[in-house]
Structure formats: structure tokens, C-alpha cells
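Two complexes are shown next, each including chain A; its partner changes from chain B in the first to chain C in the second.
Our next item is the complex of A and B:
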């Protein structure tokens, strides 16, 4: 289970080019779009593409995004539920 | 009237933020130098930095430097010339497109347009004024300079940031070899920016007297063209203290004609030092400004004999395999 969370952290760092962060720097419950990690709307688009490409999950309702992308934990739960 | 009030370069010879030459013998390929000359963390915030392509990073630092040199005057426009734009992101975007066109990275798409640099500079500098990008092969920077000249041809005081940028990507060499199969280029990259104005200030270093572009020019007509330029600017051949030539692997007779014509002037060249790219002539203009400021161009760039004249008038000439000729006449202040 935790492998998915580590994998997500790695992929987010890689795809979003978060040069200054390592997997250890991101907590499972850290706010991705808040003060903790500081992602923005373009990053959200990148994560949508990542979920579809690597996990085959398409987010059909954009309103869901805010809850799903809150943290690594919420994204992982969403993947586990929908895969 | 177009005065240069700030000039900045980032390439294999000038580190980010230093604007000073770091000369080494011979040409040093970009991948071995990039870490040394591209340390941007002191100039761009981390959050913005992570999404910037090499072109945007180089331009952002060079732009901040010229604005600082020009004492942060109000900016009335940003004009950028680039031959290939943000090449690395364009390559990445096109490769993803070939893999699966339904799942494309938005960042690579945003960064893969040529006007990304000018747009990013506008955001960074909070400049909501005129914003333009010129993509015109090896005349991209010169086209940007001519546009700046037109923008400045008004009576009101104006300051414009103008520059040229091109970046090297792992695919650049492959693509350029495809376009120019006969070439033996040493490829390079760099950003060269200038703060230009229609007013002369205390910090003004040079005046661009003339920029002339000719797409097709036969070698036998080159001399006439030079004479026309000099005559229009009320100058004689002996008034030109130095010529900076874009001599490359095409050792054709155009550059020979220039050398013969200006045999009493110092002749400099630079592509053997910084490599070939579409806006490489920005370095020649930077070198002229550097020469005016220091009253000498380093001897490492000499191509031929030294002439110990005071540096007042410099003619910059470049062409691309017998086409796309550019003449920039620049005068010390």
C-alpha cells in the first residue's frame, strides 16, 4: 500500500520538475496545493495526465479534483478505489 | 536614435549574472559548461524556476541584469528574437505527441511555443506593454532590433528590452545536421539582451547607427552594400575601428571581402568560441558594447592583425551560408 504513495511522490517530483524536493520531503498528508508543497493549476493538469497515463484513471468531473488532489494520501485512495 | 543602456550575455563564456568574459582556449561544448554558467537560483525563485526552459532561465537572468544596468527605467516593451525557441520542451512535446497524442503534458505544450520567452519576461518584469517575438532564422535577433528601432522612432521617451536567445537540446545537433548535412558546426547556446532607448542617459554605452538586413546578396555586390551603409552614416572605411565577423565553417569569400575592405581595422570573430546558433550575433553586439566599455576587445577574439585604435565605430557582419546577411553599425558614446 505504501509503495503506491512512494511511487506517486516520485512521479510527481519527476513530472512536475520539483527539483528541490525528494520523496522524503513530502508527507502523505501534506497539502499539495497549499502552503506545504505549493502546486498550482498547471500542476493539477499534469497530475490529471499522469493518472490517466500511468493508472488508466480518467477524472470525468473536474469538481472532484479539489478533494482528490488534496494530498498524496487522497490521490492514492482514489487510485485504489478506481483501479 | 537607438541607444544601448544595458547589455548582458549568458553563454559558455559568460556566467549567469556576471556579464564578464571567462576565456578559455578553443571551443568548449555546452554540456560540459552548462552547470558552470547556469546557476540561476540566486536570480529566479524556485517555484518559477522549475517550469522554465533553459531559454527562459537564461533570458530572465540576462534581462534582470540589463534592467539593473539601465537603472530600472520604466519598460515600454519586450522584444525577443529566437531561431528555435524553447527547443528542449518542443522536442519533449513532439516526442510525447508521437507516443500518444491524447495524453500530452500541458507544461511542455505551454513552453514549446516560440513566444514563451517574451511572455515569461513580461510576467517576470510585470511589463504589460508591447510584447513581440521574431523567428527569422539567423536574422531573428536583428529583426527584433529593427522592431525596437521602429518602436523607438516616436518622440516620447521609451525604453525597450530586446534580445536574442537559443538553447541547445539533445536533439538540436541531430536536427541541424538534417537541415545542414554538409555542416561541421560546433553548436552553442546563449541569451544576449540589451536595454535600448531613444534617449541618451548617463549609463548609455553605445548607439546603434544602422541595422541592415539583406536576404540575398551576391559576393560581388557586398562592397557596394558596405559603401552604401557607410555613406548613409557619413563614415569612411578608415573610420571603422573594428569589424566583428560571424566566421563559421563556411569559409566563403564574403568574409574575405570584409577583411580586405577593412584591412586597416581590427578584425574579430567569435563563433569558434561560443559556437553556432541562430542568435549568435547577439554575442557580437555584446562584444562591441563590452569593447566600448573597456576600450578593448580581448585579443582572444582577434582574427588577423591587431590595430591599436581607439574603439569608436564597430561594424558587425554576419551571414548564413551566403544568405541572410546582416550589418549592424554601432558607435561608442
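Our next item is the complex of A and C:
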């Protein structure tokens, strides 16, 4: 269970070039697009690509994005539900 | 009558070395690849701007050169930009083309325009002035001089950062200088611009 969360943190840091962050800096419930991690709209698109490329999951309804991408925890739950 | 403007400072980044006003200010101790060199300069300048790491090489070099130019005296929001290069956004174009048949990366795609470097500089330094990007086979001092002089004379900008920001797959060559009305030792002329560009070759 927690492996997926750690894996997601690693992949997000790698794919989004978050060089100032390490896996330990990101809490499972930290807000990815709020003050905690500070991701932007391009990062959101990168995460959409990452979900499709690495987990075979397509996000068809863009409105879902806001809830799914809230935190590592919500992304992990979405993957577990849809894989 | 033609107004005189002055070169306030210049920056050159080429051959893994950084020069400010003709003086070498940074060179890594060991040979490093371009990515590590850019990171080393970022660290040397003590910049704290996480978005830097997401940028393509053209934007990183534009940011680094501008940062050095404005270290002692920050540029103001009315500082215009006149940049020129030969290869446009070739590195990002190439990277985008390499992966487009698989999964295109939005983070690479957004840098497939050369003028994005000016956008990044404007965002980082809060500029809301004129900016122009020109493609030319070589650094055309006369063209950049006349364009810059014109913007300053027309008071479209109080100050201009102008120069050459060439980045391709094999190499890079960055030269930026700051021009305004404040008197300095170097009058802004095509000859002095050319001389400053060829410094440290």
C-alpha cells in the first residue's frame, strides 16, 4: 500500500524536476497544488501523462482532476480503484 | 539629435565559464555536462527559484545571465528585452520530437518557442515592458543596437537588456548587456556592443 505512495512521490519528483524536494519532504496528505508543494497547471498535465504512461489510467473527465490530484494519498487511491 | 545611452554591464556565458563585465566570475573545478554546469552556476549565484529546474536550457541560461546583470542593482519593471539567437528553441523542439510518438511531455512542449525565455525572465523579475525576440544566423550588433536605441529614444522602455542567447544541441553562447541613460564608461554603440560580445572569446 505505502509502496505506491512512495513510488508516486519519487516519480513526481523525477518527472516534474522538483530538484529541491526529496521523497521525505512530501507528506501523503500534503496539498500538491497548494502552499505545501506548489505545483502548477503544467505539472498537472505531466501527472495526467504519468498516470496514463505508467499505470495505464486515462483521466477522461478533466473536472475529476481537482479532487484526484489533491495529494499523493488521493492519487494513490484513484490508482488503486482504477487499476 | 541622437540621444546617448550607456552600457551598464555585460554578462557572457560560454565554454562552461561565466564572465561579468569581462572578468571571469565562475568556472567549475571539474569538467561537467551542460545540465550540471547550469546547476552549478545556479548554486554559485545562490538563486532560490524552484521553477528554474523545470526550464529548458535556453530559459535557464537567460535567467542566469539576467540574474548576474541585476545583482548589484535590480532591474525595474519597465526594463525591456531585445534578444536574438540562431537556433530558436531547437533543443526543446528536438526533445519534443524525440518523444512525440510515445507520450509527449507538456513540460517540454511549453518550451518549444524561443521567446519563452523572455517570458520566464519577465515572470522572475516582474517585468511588464516591451520584449522582442529575433532569429538571425549570427549576432547582429547593428540590428540589436538600432532596435534597442529606438526603444530607448521613444521612451518605450527606460532600460533594455539586450543580446545574444544561442543554445543548440552541441553548444551555447550567451551575451547580455544592460543599457540605459545613466552615464558609464561605455557609450552604447554598435562597435562597443560588438567589442563586449567578442570579449572573453
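Before moving on, here are some points about what is shown:
To be clear about the criterion, the second predicted complex is superposed on the first by the 83 of 83 C-alpha atoms of A that agree within 3 Å, B and C clash if a C-alpha of one lies under 4 Å from a C-alpha of the other, contacts with A are read in each partner's own complex, and residues count from 1 in each chain.
Criterion: a contact is a pair of C-beta atoms (placed from the backbone, for glycine too) under 8 Å apart; a residue touches a chain by one contact, two chains touch by 3 or more.
Computed from a predicted model, the values in this text were never measured in an experiment.
Contacts of A:38 after superposition: both chain B and chain C are touched. Touch criterion met: A:18 reaches chain B and chain C at once.
Residues 15-20, 38, 42, 45-46, 49, 52-53 of chain A touch chain B in one complex and chain C in the other.
Listed in rising order, the residues of chain B touching chain A in the complex are 46-47, 49-51, 100, 103-107, 110. Residue ranges on chain A touching chain C, taken from their complex, read 15-20, 38, 42-43, 45-46, 49, 52-53. Partner chain B is touched in their complex by these residues of chain A: 15-20, 38, 42, 45-46, 49, 52-53. Note for the complex: chain C touches chain A at residues 39, 50, 53-54, 102-107, 110.
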